[in-house]
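There are two complexes below, and they share chain A, which is joined by chain B in the first and by chain C in the second.
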Partner chain A sequence: MSFKFTPEELKSIEELRSKVDDDRALVMPVLWMVQRKQGFIGNDDILYLERELGIRAIFFAEAIGYFAMFNDAKKGKYELKFCKTITCKLRGSDELIKFCENLLGIKMGETSSDGLFSLGESECLGYCEKAPCMLCGLEQHAELNEEKLESLIQKIRQENASR
Partner chain B sequence: MVEIIVDSEKFQVDENGNLITELKKHGIEIPHFCYHEALGVSGNCRMCLIEVVGQKRPQIACDTPISAGMEIKINSELTRKVQKGLLEMEFINHPLDCPTCDQAGECSLQEYYMKFDKEGSRVAVADKVKKHKREDFGSNVIHDEERCVLCRRCVRFTQICSKTYELGIGGRGEHSKIMLFNDQKINNPYAGNIVDICPVGAMTSADFRFKRRVWHLKTTEAICQGCERGCALSVDSDKPKYENEQIYRFRARFDESVNGHFICDFGRYSYKFEQLIEPKNDNALLNLKDELKANLSKFDVLVTSSLSTEEMSAAIKFAKSFGANLYGYDDFRDESFCDSEGLKLRYPNKTANKKGLEHLQTSTDLTHIKDRVIVFHLGDKFELNLKNPTFIMPRKQADIICASAYHRDGHTINCDGILRFSKAVLSPVAPSIEQIIAYLMDEKEAK
Partner chain C sequence: MQVVSAKFDIKNANQIEVAKQHGAYSNLKQILSLEPSHIMDLVDKSGLRGKGGGGGSCGAKWKNMVAYASKTNAQKRYLVINGDESEPGTCKDKYILNLDPHLLIEGIIISAHGLGASRAFVYIRGEYEREFVSLNNAIKEAKDELDGFEIVVYKGAGAYVCGEKTALLESIEGKRGHPRLKPHDKKEPDFLFGSPCVVNNVETIASVPFIVKNGWEAYRSFGTEQSPGAMLFQVSGCVNSPCVKELPFGYKMIDFINEFGGGVWRGRELKAVIPGGSSAAVLTKDEVLKATLDYESLKEFKSALGTGGMMVFDDSVSMPNVLLNLLEFYTEESCGQCTPCREGCGWGLRVVEKIVHGEGKMSDLQTLKDICYMLDGKTVCVFAPAVKDVIMGFITKFESEFKALIND
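== the complex of A and B ==
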């Protein structure tokens, strides 16, 4: 199944286009539309965007490479992205990441075999005063420690098992 | 024009110009990687940081507007300190092997290091970050990620000049690298320029790499014979031991009115057909000479638009003295050799002097041309419905081999009517068309 915009989405993109003087300004909002719906933006999707919107593929690819929140491949249902920047590091994010890797049995950048969890890094989440912190999906989790992490993962596992 | 002060000396510069370009005209160099006259300001490399009097911090020269009376210091302690710092940053993970790098001798990084830095490394070789080497980017371009300074010139070339958008920067910060989208290789007729504009050894030419160290090369200014545009070239040649002199590469030479900073790939690699060929002409030339003498006015002469203006006028003289008719041939059109996008340098007539031939007003209608024809041509053999032609060309299939266009001096007139001079790159082994004609007319010995 390949990604496609609905006619309404296309209309809203065209509306946006009429407000900017350089089409490249559409790159970010359009990528968000794809990412929100599908969880990632693959090369096929970029080619679709290029055809559909007439914006060069390389601009999408550059943005995806630059911004940590965009995924270029399918991820787990819950994406844990640890802030890798200095404040979080000083407050022990490296150890927490190791702990989490052990807990899930996967390494940074990998997805658990049940497809539930992916582990990743993020640039500074702007939450330094509550470091260490991470994103789970689009939700921020602050002042992390081993207990908090463990109970979050447990909770998610239970929720998904009971369904 | 306004007056500015550079290290206490006064200079007249164009206030709408760019500081780096304007000062270059006065022989003053401000080190830079990302700025390029054809690509404009990018402002990302910071190599051009200089002290500007009255400003709290050093400013990037490439993006500092020129104003009357401004004062800059390009040899001050502060400027030097910034340059050293910048170079140290560039060198942290850069390979430490200029002697084996293909760019050595024409590398900005190497030059700036020798000029402004000369510091030892503070990073242990074992700690160096290793990256991809020898990535084939397509169209003869080989990328070496380790040497890249991320100036983005190559990326901007594909966006501004070729308009093909093959390259981008992937990742961010220390993970940044030049990338292709979806492994789609560079595919445009101007790709070779990417190698020329890369200021370091990160984009190298699959065709030229490791063939020759550049300081051995002799550079001659010439005009490309690939098409009627007549782009300005730098021709690099050398004489390897025990061998004939050889052309190793063509590079673009700046000519504002014709090709700007660039050339097309067809022209760039056309040097391969222009090497010297040892002639085995002696008998053929002698026979021709005897035949012509015995058969006055029984033959015609055909010149093509590949000849220089001098060669054409020699042919006119030649035809006249034998009572022969002179014909011109300029049908070397290749409609696919023409661009509607990008640099638009390629011009469908693939000889260099069509306009020159037009000036001579020779007939190009060959219906009444005689059966016996002497053809003077520089380039590949072409099909002509002639019964008994003698081809005088710089190619193996020729009846008589002459020197190629890069082995003789000559003028051409390009598609815009611009007359320019192409200098002989090396002394020919074969005689030039002019020498052959002089010999046939009994004026000189053909060498």
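== the complex of A and C ==
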């Protein structure tokens, strides 16, 4: 199933269009709209955006290629991204990543077979004073330890098993 | 004295009713009835310096933009707020965005009046979802205070270089975050959609309400002569209690680390500090003991105050390993526009990697210096020169640690 805007979303895009002086400025906000909904932005989605908004497809493709947070392929439903920068390393992020790999049974860069979790790394997440930290999707988790990580993963598994 | 952190400890101060009970938007109508030039004068006289890392005069930047816009009869002027703090060690603006977003909104309203800006754009890094939601909620709450003035919040998507103001502007315009060539005329402002604009950091704009409400003298009454006022300083790494704390400029660095950071952890000895976000040159223990938290002091050590984000390293930390990690960061985050930066960061990383893995030669240290020469002053933005400072700081001040790993 490919991506489609709802009428409300199209309305909010038009509203934003009225506030910027160049339609191309819609590129980032619109890509976020797609990614929030389906977790990635595929080629079909880019062509849909071009048709729907009249903005050249290459502009979307260029932003997806450049910005690290835009996914061009499907990931796990929950993408865990550990900060790999020095302040988190000093406070034990390497050990935490190994613990998480064991817990999920996957290695960095992989997705679990049930499609629930992807494991990745990120550059500095801006939580240096609360290191180590990670993103779960877009949710920020700071002052992480093994207990916190395990209970988060357990909670996600339970929530998804009961659905 | 608290300029931006006064409401950080107040419960629910992110909500407008609570924020108002504690002074948010007070006298706003009166302030907006002042002549814009008066607001500009207050900011200029206060000596407010950009708190995103550069430390340039805020008043001078504003005056340049207004003068240019008036001279060219610009139809539109914009105020752009830089909330893309992405540099390792830097984690302060999120406190304003989360705990007191109304202070920023108030600062935007007052600053936009002073600048004659027709609209404001706030660019928040993509990883800061909580902060993005917090500010958007606050903007909805502040509808009456905004009185039709528009604030558009943009979400970045994971590119450190978009903290560089012109890369940020490119990103808002929907392009890759490639920094722009700087004009020869330093008085020329920045441009968004072809209209003159001012780009200021979150904390800088959040400092404006204090200055306008209390007067420039009040802001200048603390800090130092050349670095007046206060700033949110951060300490992270090998300390007992990493934290963010607002203090006047001029505070002793070692006192900050001991009093607020709880001292070096696990009873270990202090080895080094990176003072202002990772791109400021590293300081040795001796330098840390002498340094004060202001722009001039750090300049004496050929480093920079930057964002005031201190990263502390204890005596068990391998400095070549720290440099390796930082070069991984810079290699990943170079936008790739300029060849010296794109190639130089990766080359530096590979050389340090070799040294750390025990495969280095003495000549590699000279190669790193040659790479630094290539990185300095030959690129569009200051990303590459900053990487030069990082490399040179480590290999000159901790040379013995690099040599100890070399079996030449």
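Please note the rule applied: the second predicted complex is superposed on the first by the 158 of 163 C-alpha atoms of A that agree within 3 Å, B and C clash if a C-alpha of one lies under 4 Å from a C-alpha of the other, contacts with A are read in each partner's own complex, and residues count from 1 in each chain.
As a convention for this text, a residue touches a chain if its C-beta (ideal position, glycine included) is under 8 Å from a C-beta of that chain, and two chains touch if they have at least 3 such contacts.
None of these values were measured; they are calculated from a predicted model.
Q: Once chain A from each complex is brought into register, does chain C clash with chain B or fit beside it?
A: In the superposition, chain B runs into chain C.
Q: For A:Tyr66 in the superposed arrangement: first (chain B), second (chain C), both or neither?
A: A:Tyr66 sits against chain B and chain C alike.
Q: Based on the superposed arrangement, let me know which partner A:Arg17 touches: chain B (first), chain C (second), both, or neither?
A: neither
Q: Is A:Lys77 touching anything from chain B or chain C once the two structures are fitted on A? First, second, both or neither.
A: Once the two structures are laid over each other on A, A:Lys77 reaches no partner at all.
Q: Going by the contact rule set out at the top, does A:Thr87 touch chain B (first), chain C (second), both, or neither?
A: After superposition on chain A, A:Thr87 lies in contact with chain C alone.
Q: Going by the contact rule set out at the top, does A:Arg56 touch chain B (first), chain C (second), both, or neither?
A: In the superposition, A:Arg56 touches chain B alone.
Q: Tell me the contact category for A:Arg157 with respect to chain B and chain C: first, second, both or neither.
A: After superposition on chain A, A:Arg157 lies in contact with neither partner.
Q: Which holds for A:Asn43: it touches chain B only (first), chain C only (second), both, or neither?
A: In the superposition, A:Asn43 contacts chain B only.
Q: Of the two partners chain B and chain C, which one touches more residues belonging to chain A?
A: With both complexes superposed on chain A, more residues of chain A are touched by C.
Q: Counting contacts the way the document defines them, which residues of chain A are shared by the two interfaces, the one with chain B and the one with chain C?
A: 59, 62, 66-67, 123
Q: Taking the complex as given, what residues does chain B use to touch chain A?
A: So the residues of chain B touching chain A come out as 165-172, 179, 181-182.
Q: Using the touch rule from the top, collect the residues of chain A that touch chain C in their complex.
A: 16, 19-22, 24-29, 31-32, 55, 59, 62-63, 66-70, 84-87, 89-91, 122-131, 135, 138-140
Q: Give every residue of chain A touching chain B within the complex, in rising order.
A: That would be residues 43, 46-47, 56-59, 61-62, 65-67, 123 of chain A.
Q: Per the contact definition, I'd like the list of chain C residues that touch chain A in the complex.
A: My answer: residues 76, 85-91, 94, 119, 125-130, 150, 152, 154-160, 171-177, 193-195, 234-238, 242-244, 278, 309, 311, 313, 317, 322, 325-326, 328-329, 332-333, 335.
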